Every structure is written in structure tokens, then in C-alpha cells.
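Naming follows writing order (A, B and C), and every chain is counted from residue 1.
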Amino acid sequence: MDNIIVAPIMVGNHTHSTPELVMKMEIRNLSAFYGKFRALTDINLEMYANRITAIIGPSGCGKSTLLRSFNHMNDLTPNARVEGKILLDGADINSEHVDVVDVRRRIGMVFQRPNPFPKSIYDNVAYGPRLYGIRRKADLDELVEKSIRQAALWDEVKDKLHRSALALSGGQQQRLCIARALAVEPEVIVMDEPASALDPISTLRIEELMHDIVKDYTIVIVTHNMQQAARVSDFTAMMMIDENLSGRMIEYDRTEVIFTRPKDKRTEDYVTGRFG
Amino acid sequence: MHTHAKTLSEAQLLKRLRRCFQHGDRPWQGILITISILIMVLILAIGWMLWRESADARSLFGLKFLLPTSDASWDPVNDHFQAWPFIFGTLLTSLVAILLALPISLGIAIFLAELCPEWLRLPLNWLVELLAAIPSVVYGLWGIFVFLPLVVAPVGQALANTLGHIPGLGLLFTGPMPQSGSSRLGAALILTIMIIPTITAVTRDVLLAIPNHQREASLAIGATQWETIWQVVLPYSLSGILGAVILGLGRALGETMAVTMVIGNSIEGTPSLLRPGYTMASVIANEFAEAVTKLHTQALIEVGLVLFFITLLLNMIAQLLVWRVARRTPQEARA
Amino acid sequence: MTRFQQLIAKNQAALSTHRKTVNVVMLSLTGLLTLLALIPLFWIIGYVVYRGGKSINLDFFFHLPRPLGMAGGGVLHAIEGTLVVTLLAAVFAIPPGVLAAFYAVRNPNTPLGVALRFSTDVLSGVPSIVIGLFAYAIMVKPMGHYSGLAGGVALAILMLPTIIRTTEEMLKLVPHALYEGSLALGAPEWKTSLSVIFPAALNGVITGFLLAIARAAGETAPLLFTTLGNERYDIMGIIRNGILQHQSFFQIFGRLVNQPVDSLPLTLWKYAQQPYPERIDQAWAVALVLMILVLLINIFARLWIETRKRRLQG
């Protein structure tokens, strides 16, 4: 179908620090199982460095499961199994001998609901660096400030770093969680519907934040909000469940292609709102 | 005339009964409320009874009954009583028991809540609870004939040889330990075993109540499982753990039979763990049935009163602490 | 290189190994501690079975004690005493306990409801020997003698918190729809509670009773100065005598409960302190009987509730 433009959608436009595409993460034939149930089937996906990749699809199609297989969060669920290759800079991080703790540092995660620790704002962000043996106050101060600035939160909390993180608003807490994830300088940041629990203004701030930090990080975001995917991402992947209730990758392309001239009818139906 | 009046009132009575049972809610509520109030009153009644029945002893000995003193004497013959040795014995054995039981219980609770595979969880919980189901006298019997000679005596000997020589702390470890092994150490060790289920069960529940998203947040940053437990899960549950410990302490203070059977039941001048001792519960258990003079009986009841108040206070504090944790953590908890 | 990477560059490999080692060591430690705690459990049970098993015989269960030196003899008096006292305690504790639980379930947020829950928890922490003193003060002293009745009262107070708590929890498990349905049909509250809710929760409630009874059966301290002990207690004898002398039911019943009574834990306690090896052997046998009794009730009750719970949750 040509020229299907549904409504004025802003397509992501940020200047890229690396004009050529460099492959950062590659998913090959990934399948995920919970016991006997196959939650994901044959997922193939490429994520490029310093770009934002969005994963969209109706709820329940396995987007979160996919994200959580990147950093082995599925290991926490009993009977969960992930097969296939997940290549980070060419090395398979889904293999048996991988250092899970290190993978989790390199792939930072922001959750749907903000989950700060019941500690001070400072201690939340310093949590990661402290694990890595950074003890000197001057070093920690520096890292904490840098991370909170990157999360666009510094001006709001710079005077109350030692107050409890739980006293912040929802949007602030989520940006704090982003700062916490940034403090250990991951290479990839995956966000599982980071703004779905927040108000529109906080949502916008997080989207701006993403545009700002993408020059240093690779970002993968799961969202059920199509306008957000269109606004923010460079690439979009469309997922859906098949007849066996297993999630599959339907289509994957540059964002403007997905939203204006998708190749698969199902994608077209979804983005035009006819379904899902 | 007479019979007529009687039948009338019978009919009235029946009518009232029928109405009562038809709706019956008011009397029902009344019964429930009365029973509930009575139960609350029970605690006050216990305290009041103890207070009343020890009146003479209290007025005679005053506060000196309780205070630490170097010339304590418990003399039924001459009707002179001072309870400090028992208070000391109770406190010493219970505190040592808590010191030993806390890390063990914490470890077990962490294992049960965080690490245990699903299929093992229920059986292990049962086993730990079974430890609490063994009657106290059975612990005591095993204590006298097995635990004391095989464990307490050698441990005591080892402690005397090592720690007994340190100035200060060594006072707690100077012997000689009696041949049988009956000692405060024996009592403390048996108490440790007996309060582990209490502390473990409460701590485990407190840990399980912590929402999973906290653990996920920590692990996602790249923390190891232990780091997550130590730096996120445990600090979150501190007040609940404190409540568990206080509950355990309360149990240790009131434990009677097992302690009586292994502690040696003698008033001892030194503070050493290796020597036999006496606790408040033990002296009551040993002497009450044979107390001859009224004052002796009253003095024993006064000891019971002190025990009652201490455990009452501890229990109230513990309940408040555990309540606080239960109310603070939201619904989303670990499956 | 970023600042963070600078900072962690030195000895990153060593730190990483250190963190992993600590992780493995500490997690293993918790497993070890769990094993450590189970050692006394198996040791005690095993030893009691071993030592007690040697002295147990059929005589043990069916005969009254014989003087030392004579063969045979048993602890029938203690077994009967335990049964009588525990039964009395159950009768005294279960009705008020269940009623209080009804109140607590329906009114969790009223001042009385909160106070009731609080009091129950506090009552469960009162030492059993203090409860024994209380029972002495309100029963033995006024009555002038020790009795099974007084022991029953003491144990009932001990059982009360357990019964209230477990009954309340089981009542809460009953689906609210059942309650509302009954009320919607016009049944009054009391009828709903007794005929609808209570039977639905019966399985779990009975479990609670069993657990409370198991605890009461093993208690010694509250009985020390309430029932005292009675080596000649013989239910069959009392009943037979009573029938022979044409006594009424209440008179026989009175004779059963209104005198000092022995119990298994009390007997254990007494025998353990005696210097005669035969008595010590018997003490171990009593321990075996007591433990079998208590553990069996416990295990049965837990199994019962687990299978029922699984059925309830479908």
C-alpha cells in the first residue's frame, strides 16, 4: 500500500554521532521457553550502536520476555530457558560460560515501574559504582553527579541528594532509576515501557533524555505506545503472537518505513490502529 | 389463676426466645464481644493475680529483691529472698542464646526465602517447624544424657582453655565445669536450638514479603545474588528481623523445662558460663510445689511476676515491629 | 577512557573474582547453616527412638507403675492423665477461641478487633510457667487441692492464642461470596457463621485444633503445680468403682477430674531426675511415646491442611 500516512507522526530525528551503522547487538534464532511453553519463536533482530531501536506489538506478545533474555533476567524465573544466539559486539552472551554479572553491567535495564531502593538518592546512584570498589568520596560524587545530569534530574535533586529516593515523584523516580543504570556505564540500555506508568510530561522528559544520551549508548525500548516509538526510535521491530501463542518478529526496518510503508499487512494493520 | 399466669409468662418467654433466634444477631454479637473482651482481660487478670499473690513479699523486700547484689541469698529456711541470681541466670543464658541463634537463623531464613528450590521449600519449612514441636522435656532429657556430656562438656573445656585466659572476658569462661556438664553454657546452647525455629520463621516471612522488583533492580545493575541480599533485601527488612529476634528472646526467657534439666539449679557466685546456674523459670519449677512458708510461695510468685512483665514488654515491642514491616511492604511480593 | 573505566581499571579482574567467591561462599554458608540446624532434629528423634525403643513394651501402655525392682509396670496413669487433661483443655479453649476468631474476622478494623489481635499475640508469648502460676492462683488455691481441672484450665489458656489465630486464618480463606450469598438469602449473621462459614473452614480449623492439642500435650511447666501428678490414676478403676457404688455421671466425672492427675511430660520429668537406671530407661520410653504422639499429630495436621489447601485453590 502506498502513501498511508495516518496522522502527523513525528519520526525520530536526532543527529547521529556515528553516521555509519555499526552492529552492536544481534539476535539470531532466539526462542524462549517457560517450561514447555514456547514464549518466543525464532526471533532475529539487529541493534545498531548509538541508535534507538523500538520493539512494538500488542500486549502479551513477548516483548518483555525478549528484553529480559538480553541480560539474563529470565534466569530468575524457574524453568525459564533461552535458546539461540545473542551476540554483543560479536560475542555470544547466551552461552553457558558467560559471566552473567558482567553482562548485566554492560546491558543496563530500566523497568516499567520505577523501583528505587529505599535509600538516599545519592546511595541509589552510587550503588553500582560501590559494587565495583569505588570508595573515595570524591570519585563517587563525580560519578553520581555525572549520571544524574545525564538523566536530566540534577537540577531537581542537587540540593537533596541525601534525602530518601522514595520522596520523589514517579517521573523523578524513573529518571533516578535511569541515572542508577547509567552509573556503571553500560553499553546498551534496554527500557521496558519506561514511561507507561508516568504522566505525559515525565514521558516527554524521558524521551528527550533518550535523545541526549544515545550518542554514548545503544538504546532498545519496548513500548506499546506507537506514537512514542515513531517519535523516538531510528529502527522499529514489530512483534506479534502466532497461533501457538508464541511471540514472533513480524517485521523490522527503519522507523519511517514501518510507519509509512510497512511490508507486512499485519504491521500495517497494527500501526494504523486497525488492530491492537 | 396461678397456672394461667405461669403459662402466660411461658408463652411470652417462648415468643421472646423465638424472636431471639430468628434474628439473633444482637445476642450473637454480644457473645462475640464478651468473649473477645474476656480474652483481653485475661492478660490483665494474669498480671493482677501475680501482683496480688506476691503482695507480702513485695512489701517486705521492695526493690532490693531485683537489684544486682553480691550477697544474694535465697533462703527458704530463714525467709530471706533475693532474686538477682535468677535474673542474672535468665538474662545471661538468653542473651548468649540470641547471640548464637541470630546468625544461624538469618542464614536459614535467607536460604529458605531466596535460594531454596521450589520443591524443597515446603519440606524444609516443615522440618524447621518440627524442631519447635519437640516438647521441652524431651529436649531436657536428651540434654542431660546426650548433649551435655557429648557437646557441652568438651566445648566448655575448649573455651576454658582458650578464652578463659583473656582478662575481662575470661571471667565468663572460668571453670571448673561440673562433671555432668550442667552449666549455663549447656542451657544457653539448648536454648539456641529451641529458639532457632521462632526467629527463622518470622525472618523468612519478612524476607518473602519484600517485593521482587527490588531484587531485580539490584541484579540488573550487575550485583551478585549475595550482594543483593546483603545490601538491598536485608536492610529493607531490618525492623522485621529485630522483631523476630525479640520474639525469640521472649521465648528463651520463658523456657522452663529444658533449661531446668541442664543448668544445674544452683545459686552461683561467679558470672561464668561454665558454672551451673539458675533461672527465674527454673527456680519456680523446682521449688513451688514444695514451698512451705507463705513468704516462700509469695517470693516465687514475685519472680513469676517479674518474668511476666519482661516477656510482656518484649512481646509488645516485637509485635509493633513486625506489624510495621507488614504494613509497610506493598502487595507485590515474592511468589 | 571514561572516568568510570579509569576508576575501575586497576585490579578489576581480582575484584571480580573476589565478588564471585564471596557470593558462592556466603550462599553455601546459608545452606550449611540450614543443615546444621537440622542436625539436632534428627539426632534427638533418632536417639529417642533408639533409647526409648529398647525399653518399650506392651506392659508400658497398659499398666500402672510398679515399685522399683518389680518387673513390668507401665505408665498407663500418665497416658490417661494426658488424655483427660488435654481433652479438658480442648473443651475449655475451643469454644471461646472459635467465637473470638469469628469476631476478629468480621471486625478486623474496630478498636476491639485490633486490641483482640494484639492481645492474642501477646498472650502467646506469656511463659507457660507463668500461666501455671495463674491457674494455681485461680483454681488450686481456692479449691484447696490439685486437680486435673486446674491443669485443663492452664493448658486451655496456653492453647487459646493458637486456636484463635489458626481459626481466624482459616475463616478468612472462605470466599466472601459464600458469606454474602447466605446473607442475601435472609439468613441471620449468626446462622451464616455457624452453618455456612464455619463448616467451609472446618478442615483448616480442625488442623489448628490438632496443632494446639499437640502443643498442650507436650507441656510440663503449667502442670507442675496444677495437676501435680498421681501414680495411681486409673480411669477404668474410677469408672468401675463409680458404677459399683451407683454414683451419678457427674459424681464419676468429678472424681475423674477433680483429683491430681499425671501426664506423660510430668512423668518424664520425674523419672529423669531419679537415680535409678530402670526409671531412666522408662523416662526414655515415655519420651518416645510423647514424641510419637506430638510429631504424629503435627505431621498429620500439616499433611491434612496442605492437601485441603491445594484442593481449595483448585
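Some observations on this one:
The criterion applied here is as follows: contacts are C-beta pairs under 8 Å (C-beta built on N, C-alpha and C of every residue); 3 or more make two chains touch, one makes a residue touch a chain.
Fair warning: this is a prediction, and the values are worked out from it, not measured in the lab.
Centrality annotation: B (chain centre taken as mean Cα position, compared with the mean over all protein Cα atoms). Placing every chain at the mean of its C-alpha atoms, the farthest one from chain A is found to be C. Two chain pairs are in question, B-C and A-C; the one with more C-beta pairs in contact is B-C. Distance between chain A and chain B, defined via averaged C-alpha coordinates, is recorded as 51 Å. Here the CA centre of chain B is 16 Å from the CA centre of chain C.
Chain centres here are Cα averages; for chain A and chain C they lie 54 Å apart.
Across the assembly, chain C contributes residues 19-20 that each touch 2 or more other chains. The residues of chain A that reach two or more other chains are 101-102, 131, 184, listed in rising order. Residue positions of chain B touching 2 or more other chains, listed in rising order: 224, 227. Looking at the complex, you find that chain C touches chain A at residues 2-5, 7-8, 11-12, 15-16, 19-20. Those residues of chain A that touch chain B in the shared complex are 71, 73, 76, 78, 101-102, 104-105, 108-109, 111, 113, 115-119, 127-128, 131, 177, 180-181, 184. Touching chain B in their complex are the following residues of chain C: 19-20, 22-23, 26-27, 29-34, 36-38, 40-41, 43-45, 47-48, 96, 99-100, 102-104, 106, 112-113, 115-116, 118-123, 125-131, 133-134, 136-138, 157, 160, 164, 188-191, 193, 214-215, 217-221, 224-225, 228, 265, 268-269, 272, 280, 283-284, 287, 290-291, 294-295, 298-299, 302, 306. Across the interface of their complex, chain C is touched by residues 99, 101-102, 129, 131-134, 139, 142-143, 146, 183-185 of chain A.
In the complex of the two chains, the chain B residues touching chain C come out as 22-25, 27-29, 31-33, 35-40, 42-43, 45-46, 49-50, 52-53, 103-104, 107-108, 110-112, 115, 122, 124, 126-131, 133-142, 144-146, 193, 196, 200, 224-227, 230, 247, 250-251, 253-257, 261, 281, 284-285, 288-289, 301, 304, 307-308, 311-312, 314-316, 318-319.
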